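You will see chain A twice below: alongside chain B first, and alongside chain C after that.
So, the complex of A and B:
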C-alpha cells in the first residue's frame, strides 16, 4: 500500500517536471535569435508576405495563447510541422528514438554485466592482483574520452582488423522482430546478428566510462558494507559466506549503484551525441545536432522534450527500484 | 584429560573443572596497524561452564570485545589471532577429528583454533553465537527481521540435518545455488518451516504480534524490541555458548533490565552457557556466577562473584568497585580511577604491570611482568598482582610522577587513537 502511494507520488512529480521541461523548451524559442518566419519565407519576401506567414504560423497571437496551444497540441502528440525538413516533427523524432534507446540500453547492459562483478571481485579480493587489475581498468576507463576511444576502436578493430563495421545501424532491434514474423527465423537471425555487429563498438564506447564509474562505485560500496556491524553479526550466526556477501552486503551496495545507473542511463538517452556522431548512429543526438544547425525549431523542441520525458521516466523507474531495494525510502 | 608426552606440540586440553564447556588459554590477538602493533588481547585465559553466566568486565578499550570476537573467530584484518587455544567440549566433533587432527583433540575436548577454517565457521550458530552492543547496526536494514532470524534457524536446521558429519555442513552454499534460489520463484535459502520458527522465536522473546512484526524491517522496531530480536536470532541456532557483548549498553535503563531478565530466563530455560561482556558491574552482579576482570588486554583478576566483589586483591578491581555509587552510604565520595586506559601499542607497552602507572599501590616489584597468583577466597580466585603474595610496602613504593619521567612510554598515552580501543570508545558507553 505504502509502495503504491509512493509510486503515485513520484509519478505526479515526474509529470510536473515534464511540464517544466515543456515550458522551458517553449520559452527557448523566444530568447534565441532567429525568427521562425525566416525558415519559411523566401529571402526576398515582402513584409506583407512575412506578415501572412507569421499569421499562418500563429506567431502574431499573444504568447500565452501560443503556449496553451502548444501544450494542447503536444498532448495530442503533435510537435509541430518542420518546414525545413518538410515533415512532422513527431514523425522524425519518434523514428530516431529507437536507435538512441537501443544504444543507451546496450551500453548500460555492457556496463552492468562488466562493472558489478568487477567491483565485487575487487572488493572481496582487496589488495590482490584481481583488485589492482580492476582498479587500473576503472582509472583508465574513467579518464578516456568517448570520442577518442570510439575513433581508436574504429581504427583498430574496423579499419585495420576489419572485424566490425565502421558505422551505421543496419536493421534496428525492433525491425528485426518485424522480420521474424514477416519472413521467418532465418531473416530474423541475419538481421539481429547484423544489429549486434553494428552496435557492439558504439555500445562499448559509450559503456566504458559508465562501466569504470560503476566498478568504482560497487567496489567502494561493497567495502563499506562489508565493514559494517551487521555483516559481522550475519557471520556470527553462521550464515554461509556466499549469502553474507551477495544476499546481504551486495544488496545494500546496489542501492546507490542503481541510482547512478539510472541517472546515467537518463543522460545516455540524450547525451550520446558524440558517440552517435563518431559512428554515424542515426539517433536523437545526431538529429538534435542537425536540427540546431538548421534552426529547425519544431525538431529541436521535439527532440528536447522526448529526451526530457525519457530522463524523467528513467528516474521514476529508478526511484521505484530504489524503494524496492531500500524499504526505508518508502516512508 | 591425559596429556600425551610423545606429542611434540603442547597438546591436550588444560586442566579445569569437568563442567567446562569452553577453556580459553593464552588467547592473543594483535592488530597490525600503520601506527604499529596493537596488543588488543594478550594471553587471556578463562573457562566457561555448562549453564553458567561468566562475566568479563573492564573499561572501554580493555580488549573485552576483541576477546569475544577471537573466541568465535571473527577478528577482521588488520587484526589477527596470533596465539592461544580455544578448547570446546563437543564429543561428536572430537570423535570426528581424532584421527585427522590429533593435536586438536583431547578426550571430549577440541581445540577449535586447530580445526580447518570451514569447520570453525560451521560452529558459528549451532555452537557459538553472539549478541552485539548496538542492535540497530547489527541487523541488515534492508532485510525483514523475520527473514534474518529465519536465516539463523536455517543454518541450524541444515547443520542438524547431518549432525555427525561436520565436514558435510561445511560444504559451501555457492554462487550457483544462490542464483537459482534467487531467480526461481518459490525458492530461497530459508524454508517455510524456518520462517515459522522465526515467528515462534519472536514470540518467545516477548515481541507482541510476532507474525506481523516478522515482516517488518529493523527501522520499524524500537531499540529494545530490536535487541529482543537479536536475542531471538542468537538463540535460533540453540548454541552451547552465547557471547553477549555489552547487550544492554545502547538501551534505556528500563529496557536494559527487561533484556537482562529475558537473557537470564532464556539462559536458564535452554541451559546455554553465556559469556557476558560488560563495563557495568551492576550487570555482572546481577547475572554472573563467575567473573574475569580485564585490563589492557589481560585478565587481571578472576574468580567467583564473591571473590571479586567482596575480596578484590587487584587495585584495579578495587578501583572499579570504588567508582560505583553505593546506595547504603551515599555520603562517601565516588573514587574514580585516576588516568586513562593505557595505549596498547606494542612499542609503548613496557615490561611491567600495565596498571602500575595508575595504581595507588605501585611498588618496585611491579616493574616486571606479573604472572597469575592464587589469591585468598575460593580455589578459583586468581589475580595478576603482587599484592596477592606480598604486603604493600610503603618503603618500596614508586615515587609520585615516576611514570611521567619514564622516557619511552609515559609521555604519549593516546590510547583513544588506537583502533582496538577506539572501536569500543566510539560506540559510546
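So, the complex of A and C:
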C-alpha cells in the first residue's frame, strides 16, 4: 500500500516536472532575439506576406493563448510543422528516436558488461596490478571528451586498419526485424550484422565514460560494503567467499549505482548528441543541431521535449525500482 | 545606538563576512597535507594543473609561434619524430598525350613547429598553449557563475525549507531534465555566439616583444584574447543545479546545529546566519564539487567548440573539429589538442580525488561530460 502511494506521489511529481519542461521549451522562443517569421519568410517578403505568415503560425495571438494552444496540441501529439520541410514535427522527431535509443541502450550495455566486473576485480584485488589497471582506465575514461575518443577510434580502426565504417547506421535494429518477416533469415542476418558493425564504434565511444564512472562507483561501493559488519558475519558463518562477494556485497553496491545511472541519463543523452555528430548517426542529436542551425522552432522544441520527458520517465522508473529494492525509501 | 554605519563601513562589513565565510580551518589544512604526502597521484594532479596554468598565464612568452599566423606553404607539417609522405598527382603532356604522374614527397618535421602545423600552417604547440587559456578561463568563470547561482538557491532552499524549498527544488528538477550539452546548445542557438576581446595584459604592457626577441622567438603575438562570453554564461546556467543540490543538503543539516540555533536566539537575522554560520560550514563539499565541475565544464566547453557553438577559434575543441577533415593525411591535428584536454582533465580529477579523500565531504562526483 505504502509502495502504491509512493509510486503515485513520484508519478505526480514527474508530471509536474514534465509540465515544467514543456513550459521552459515554450519559453525558449521568447528569449530569442529576432522574429521567428524570419526563419520562414523569404528575404524580400512584403509586410503583408509577413503578416500572413505570422497569422498562419499563430504568432500574433496573445502569449497565454499561444501557451494554452501549445499545451493542448502537445496533449494530442501535435508539435506543429517543420518550418523548413513542412513535415509534421512529431513525425520527424519520433522517427529519429529509435536511432538514439539504440545508441543509448547499446552503450549502456557496453558500460554495464565491462564496468561491474572491472569494479569488482578492482575492489577485491586492491593494490594489485589489476586494480591499478582498472583505476587508471576509469580515471582516463572520465577525463576523455567522448567526441575526441570517437575520432581517435575512427582514426585507428577505420582509417588505418579499415575494420569499421566511419559513419552511418545502415539498417536500424527494428527494420532488421521487419526484414526477417519480409525477406527471411538471410537478409535479416545481413542487416543485423551490418547494424552491429555500424553501432560498435559509436556505442564504445558513448559507453566509455559510463564504463569508467560505474567502475569507480562499483569499486568504492564494494570496498565500503566489504568492510561492513554483516560481511564479516556472513564470512564467519562459513559462506564461500564468492557468495559473500556477489550475493551480498555486490547486490548492496548496485543499489546506489542504479540511482546514479538514472541521474546520469542526462549525461548519456547529451553524450549521444555529440557522438551522433561524430558518426553522422541519424538520431535526435543530429536533428537538434541541424534544427538549431536552421532555426526550425517546432523541431527544436519537439526534440527538447522528447529528451526532457525521456529523462523524467527514466528517473521515475529508477526511483520506483529503487524503492522496490530498498523499502526504506518509501517512508 | 549611537554608531552610524556609513556605506563604506557596510562595504567593509560585507567583505569581512565573505572572508569569514571562506576561512579554512587548521584541521582541514592538516588533512590536506597528510593526504598529499601519502598520495603520489595527488602530486601528479597538482603538477599537471600547474603546467596548464603556467601555459595559460604565460602563453605569449612561451608559445613558439603566433598561434593565429597562417603559412600555407608550411601546412600539415608533422610533429617531431614523424615524417609525412604526401602524394601529388600531376597531369603532364608527354609526347603529345596527357599523362598523370604520381609523385611522392616526404615532408620532414621542423624544430620551429615541434608539434607540427595544422592545415593552415598554424603552429600546433602555440595553439595548444593558447587553448589552455580558453579552457581554464571558461572552466573557472563558468564554475564561479554556476556556484554563485547554485549555492544561493541551495542555501535558501535548505535554510527556509517548506514551500520555498519545494518550489526551488522543482526548478532544479526541470533544469536537471535537460542534459547540460543539450541545454547549452539550445541556449547558444538562440542567443548567438557572442564573444569579448580582452586585451592581453603582457602584450599591452609591452613586455612580450623584447623578451621574445631576446630568446630569438618570432614576434608579434596577438594583442587581444577572445573570451567566448555566451559560452561562459551558458555553462554556468546549465550547471548550477549540482551546486544547488549540495548546498541545500548542507544547509538542511547545518541549520539544525546548536550554534545556528544559538545565533538565531541572539537575534541574528537570516542573512547573517546563512552567510556567517551556514555557508562557512558548507564550504568543504562546495569546494570539492567546484573542482570536479571545472573539469566537466572544460569538457563541456570543448564539446561546444567542437560542434561550432563557441565564439572563439582558439580552442582545443575547435582544433579537433578542424583536424577531423585531415584524419587520413594529418592525424596530429585532431590528436594533439585532444591529448591536451585529457591531461588537463585528468589533472583536475586527480586533485578532486585528493580533496575528496582528505576532506571527506560525503558527496558523489556528480556532473558529467
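Operating definition for what follows: the second predicted complex is superposed on the first by the 327 of 331 C-alpha atoms of A that agree within 3 Å, B and C clash if a C-alpha of one lies under 4 Å from a C-alpha of the other, contacts with A are read in each partner's own complex, and residues count from 1 in each chain.
The rule is short, and it goes like this: a contact is a pair of C-beta atoms (placed from the backbone, for glycine too) under 8 Å apart; a residue touches a chain by one contact, two chains touch by 3 or more.
Remember, predicted model here, so these are calculated numbers, not experimental data.
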Chain B versus chain C as contact partner of A:84, first or second or both or neither: neither
Partner chain in contact with A:304 - chain B first, chain C second, else both or neither: second
Dominant toucher of chain A (residue count), chain B or chain C: C
First, second, both or neither for A:140, with chain B first and chain C second: second
Partner chain(s) touched by A:247 [first = chain B, second = chain C, both, neither]: first
First (chain B), second (chain C), both or neither touched by A:237: first
Partner chain A, residues of chain C touching it in the complex: 170-171, 173-174, 176-182, 185-186, 189-192, 295, 299, 302-303, 306-307, 317, 320, 323-324, 327-328, 331, 334-335, 338, 341-342, 345-346, 349-350, 364-366, 368-369
Chain A to chain B touching residues, read off their complex: 228-230, 232-243, 246-248, 251-252, 255, 325-328
Chain B to chain A touching residues, read off their complex: 69, 72, 74, 76, 121-126, 129-130, 132, 134, 137-143, 148, 151-152, 155-156, 159, 172-175, 177-178, 182, 189, 217, 219, 230, 233-234, 236-237
Residues of chain A defined as touching chain C within the complex: 13, 16-17, 20-21, 24, 28-29, 31-33, 139-140, 142-148, 151-152, 154-155, 159, 209, 213, 216-217, 260, 263-264, 266-271, 273-274, 277, 288-289, 292-293, 295, 300, 304, 307-309, 311-312
